[in-house]
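First chain A sits with chain B, and in the next complex the same chain sits with chain C.
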Partner chain A sequence: MTAETHEQPGRRGLTLARRQALWAWAFLALPVVFYVLIRFYPTAQAFWLSLTDWDLMSKPEFIGLENYRQMLADPVFWKVFKNTFLYLIIGTPLSLLMSFAIAYYLDKTRFLHGFLRALYFVPYITTAAAMAWVWRWFYQPAPTGLINDLLGSFGFAQIPFLKSTTWALPSILVTAIWAGLGFQIIIFLAGLRAIPTTYYEAARIDGLGEGAILRRITLPLLKPTMVFLVVFSSIGFLRIFDQVYNMTSNDPGGPLNSTKPLVLMIYQTAFSSYDMGYAAAQTVVLFTILLIVSLLQLWVMRDRA
Partner chain B sequence: MTYRMIAAAALAGSTIFASQAGAVEIEYWQYVYDTRVKAMDQLIASFQEANPDITVKQVTFPYADYQTRIVAANMAGQAPDVMQLFYGWADKFIEGGLIQPLPEEAFPTAEIEAEFFPIVSAMQRDGKYYGLPTAVRSLALFYNKKLLDEAGVAPPTNLDELVAVAKATAKADAGGNLETVGITMDPAGQDHHWWREVLDRQMGGAPYNEDYTQVTYADEAGANALGFYLGLARDEKVTQLGFMDEGQAAFKAGRAALTIDGTFRLGSFGEITDFEWAVTELPANAAGERSNYASYFANAIGAKTEGEELEASIKFLQYVSSPEAMKIWLEVVGELPARRSAALTDENLANPIYAPFLKGLEYAHTTRFVDEAGQRQVAIDMINRVMLEDQPIPDALAEAAAAEQKIIDDAAK
Partner chain C sequence: MSDGSHWMHRVSPGATLRWTVLFIGGLIMITPLLYMFSSSLKPGADIYDLRLIPARATLDNYRAVLSDGRFMRWFLNSTFIATCVTLSTLFFDSLVGYTLAKFRFRGRQLVFIAILSTLMIPTEMLVIPWYLLSAQLGWIDSYWGIMFPGMMTGFGTFLMKQFFETVPDDFLEAARIDGLSEFAIWWRVAMPLVTPALSALAIFAFLGNWTAFFWPLIVTTSQELYTLPIGLSSFAVEAAIKWEMIMTGAALATIPTLIVFLVLQRYIVRGVMLAGLKG
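What follows is the complex of A and B.
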């Protein structure tokens, strides 16, 4: 009796901490329900659809692993698979290297710092469609195309860029890197600013050179930033779509599928052939790749401490 | 007091009257294209004037996801009552239960066949029509008068002259780079139709069998047709694949002397102020034979529309396929009337711009596409394989024919 009156844990026998947790959950419930409904449910649904022959118009019928069998036997799928990884393998390191170099030197500049930073950021906020169109004209043969015109005036051979099965993919990739650079620079800058200046002062007093400071202090302390950017930009390149679609809109993913990434193939299978089952199977493959790549990167770049 | 009561009674009365008259609203869907939307606004306005109890709501979507919207809306039970569809989508839309056959009483088959250009038969399945067009489109050769005059040449009437004119008008800079092309080369535009339904036939071949179930262009005629087309870039060097990305862009910029395009381009080319342009029939072959490719967007009634909405939809469809509507469409959009009587008027035949397209309609073919985008892609890839990878023309044709046959066979399953 006395014990009960003594504790008096509030209404319905809950402690303060529990009540707070309950409230937190009550507020979280809405986004959780929202996420489950519009994210997780469709994701699960896609797994099921990948085993059917759904074409949007008739009822889905279970066909087992037929879609996956078709995919593995489809040379276009393997071409697209290779393209997707080319975007990733070339795009991620190159864009990180460039954005780090720019951020590193931008961090040291005071003159026009804000202006330069804005300049690098502008492509990131520009519509992909508008950007793609400008680049399409840059890449034209001379005398229409700016780049080929310049090459020609210096006596270099013309590059067919988007009209070539070898050059088209790198040409598009360059624009994608350029477009994403601004974001990565800003994140790197924030990471650089977060490193306490006392470390640098101490290092300089101890007589460390700039190279050593970069290797011993800056890079190790930037690791969380880099892990974030590597994962973020890898996912971005694996899901590349707008640049490719907008720059090759007459022949999406062309010429001859040389620039087609997985997402564009999924889009075409789903919304131009209405082969939803097959598209879902491709989506499952993309999902698996994204999952593996992300986990692999987190594991490789994990803190060994 | 009395005044108020009268007003209230009048108000109540008018509401009852309106509901008795069965004020019905139907939805009309088409894709976004400025002049088409404007023309439809005009048609809806005059239709509503004649039928005050019917309201037509026009809904538009970008072309890129127009089809998807219809299919998705149908799944959700929100399909439009009347919709515009490309004739090449008919099989898919009928099979998918998106559209219903037009009732015979309101649209008698005999009348359709007597009145409309024969290409509307592409909307007929098992004796029933599933839709009717307001307007039809055909191809013609656009030429830049300024460039032709400068070169001192007349518009070409046959294929040999076409090459000669293109040669006379193409201009290259000191490095040999083309600044102005003699003729545009844009397979993704209308060129694949030109090759398929026109050049192949002019070289003595046929792209498909009678009912378009067999691909038959992988032969000598097909190779000659493709050889002629690609030869414009490879041998004659009067053009470049994808010059300025799109043929119409190059022509509009005044940097192409000739381009093959359709009636639907008239509105866009009408904005050109830098030079004068004109239109002539697609060139004949040496024997004087011509061909053309005609296509159209038809209007059809949604499969789930019934009751008074169906009645209203029938009335609306009758109106948009009437000669009056066709006249408005021609004026606003520039597309040719689908009824012979409305199209082949003395006025239209005397019009220097409409006449070449109208003449083209007489000998036009309408490819029975089962998957227009897919079949077009086959042609684009074939051309790219030859142009970028030096695949021999007969091999490229054989590969394309096999790929297209597969698309047709898969669709028939």
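What follows is the complex of A and C.
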């Protein structure tokens, strides 16, 4: 229904279209103020702050691109950049492969399907700050830590999980993958269920085996689901913070910055060093990376629109 | 799919193997939770006994944690904040979603695109300006300071708009002829028609705020204002870690979400699917 077709005098001498517009803006007034003040103005402010030197005490001083120059010359930034991409490059493919395999077989399973699905999904709804403690406890040296205790009883050497610069990042990554797997499985299950069963029946009549059906029907038809999950999980790993902070909270991002992701660097630059301008510049870098990932998704999915 | 429907009559070895492997995998997934609950029931001296079933089960840890006033306070803070933010999100996101779906006015498309574009802005970019705003207005270390950034969400607005678009215009038109005000039409006619979407949004908002970490960590400074996740993470500063106490705290933080999950499992799974496919 378009406004024109209802252009009749309403109550109080207003046309319906006019009345509708008034109501609409009355409903939107507070939300518009909220989005401008709490979303758009702060975004602009972050861009502007990234061009200033500011310690919260004195007035912000405009320094152009100096923060970005400092970032490019900062070895900690590059270390953090590398860590963030390690979380992404290992975490995304590994978690997608696992969640697809689980969802693929779970979809074929009817017996206690809901119960099995619940087992896989439960970790997703837990609190990172709480579960990080459980994982830290697992990773402790023997006799406290479960994993090292098991390794010891089978005669293997101890692994200094969170205390080693090589082991700490993978150890945290395991926790992060564990926490996100349930969500991905549910999305894959939804994608699998959306494929019409007639496709499978036709393929079986044509004599295709399970492997061929998977390759020629299931995987191609799951492409939208895959793209969504690749983007969603990439963004998640690029923004990783809760697990890292909570599993290394004696020395956040340690040992020796070996687990520190970009968001933790932002947090420390802003709220430990109070170097607001430099921190804002780091958030602009994060924003740019996330924007590129989102635009890639739109580009990959462009023929579906 | 079809081969599993007669599992009671004929179970192939392949299907049995598949089920067993999936079950073992599922057990591995909940192992951290099982050990958390198991340790929370063990007396401190038994913490090194790694058997899953406690040799001596006791609720002493729970009594100790709950009688420590701080934990109860954090628990109530989290409950209060998550409830308030969820109610606000439900109200405003559905009001805005409804307006964008059902009203025709100049600027509608612009408002929609603007709100949708906020999904692209990461929270991390906004926290520094939010912090400055809070510092200027005295919101640091207050409930409102923790709550204000989440009072409305682009995601919820988008979700609700999609659902309000499925509500037939005739229903609203009939109510209009009956003389209902536009607000009453939204609240009493349109809202009851989208309860599945509202319940999904409510669950997301509540769980999201219950587990929120980054902003509450920044904006709270005193222990009285901590939310449960911030309180739990603050234990790291205390030198000697009592694992059985930490596990009890973690268990207490997990129990409410587990209850929500067990009661609303159907809605949560459907909500995740819904959000995933629309998103």
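Just so it is clear, the second predicted complex is superposed on the first by the 257 of 305 C-alpha atoms of A that agree within 3 Å, B and C clash if a C-alpha of one lies under 4 Å from a C-alpha of the other, contacts with A are read in each partner's own complex, and residues count from 1 in each chain.
Methods note: contacts are C-beta pairs under 8 Å (C-beta built on N, C-alpha and C of every residue); 3 or more make two chains touch, one makes a residue touch a chain.
It should be emphasised that the depicted structure is a prediction, and the values quoted were computed from it without experimental measurement.
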item	value
Partners on chain A (chain B, chain C) - clash or fit	clash
Touching partner for A:A129 - first (chain B), second (chain C), both, neither	second
Contacts of A:P170 with chain B and chain C, given as first, second, both or neither	neither
Touched partner set for A:M57, first chain B, second chain C, both or neither	first
Chain B versus chain C as contact partner of A:F287, first or second or both or neither	second
First (chain B), second (chain C), both or neither touched by A:F271	both
Between chain B and chain C, more extensive residue contact with chain A	C
Chain C clash site on chain B (candidates 4-12, 40-48, 58-66 or 220-228)	58-66
Doubly contacted chain A residues - partners chain C and chain B	56, 137, 143-144, 250, 271
Chain A-facing residues of chain B, complex	65, 67-68, 71-72, 74-75, 92, 95-98, 173, 175, 177-179, 186, 188-189, 240-246, 371, 373-374, 377, 380-381, 384-385, 388-389
Residue ranges of chain A touching chain B (in the complex, touch as defined)	55-58, 136-137, 140-144, 148, 152, 158, 163-165, 250-251, 254-256, 271-274
Of all residues in chain A, those that touch chain C in their complex	1-3, 17, 20-21, 23-25, 27-28, 30-32, 34-35, 38-43, 45-46, 49, 56, 102, 105-112, 114, 116-123, 125-135, 137-138, 143-144, 146, 149, 178, 181-183, 186-187, 189-190, 194, 197, 200, 228, 232, 239, 241-242, 245-246, 249-250, 263, 266-267, 270-271, 276, 279-280, 283-284, 286-287, 290-291, 294
Contact footprint of chain A on chain C as seen in their complex	1-5, 7, 15, 18-19, 21-23, 25-27, 29-30, 32-33, 35-36, 39, 47-48, 50, 92, 95-96, 98-99, 103-106, 108, 111, 114-115, 118, 120-122, 124-133, 135, 148-149, 151-152, 154, 169, 182-183, 186, 207, 210-211, 213-214, 217-218, 228-230, 232-233, 235-237, 243, 246-247, 249-251, 253-254, 257-258, 260-261, 265, 268-269, 272-273, 276-277, 279
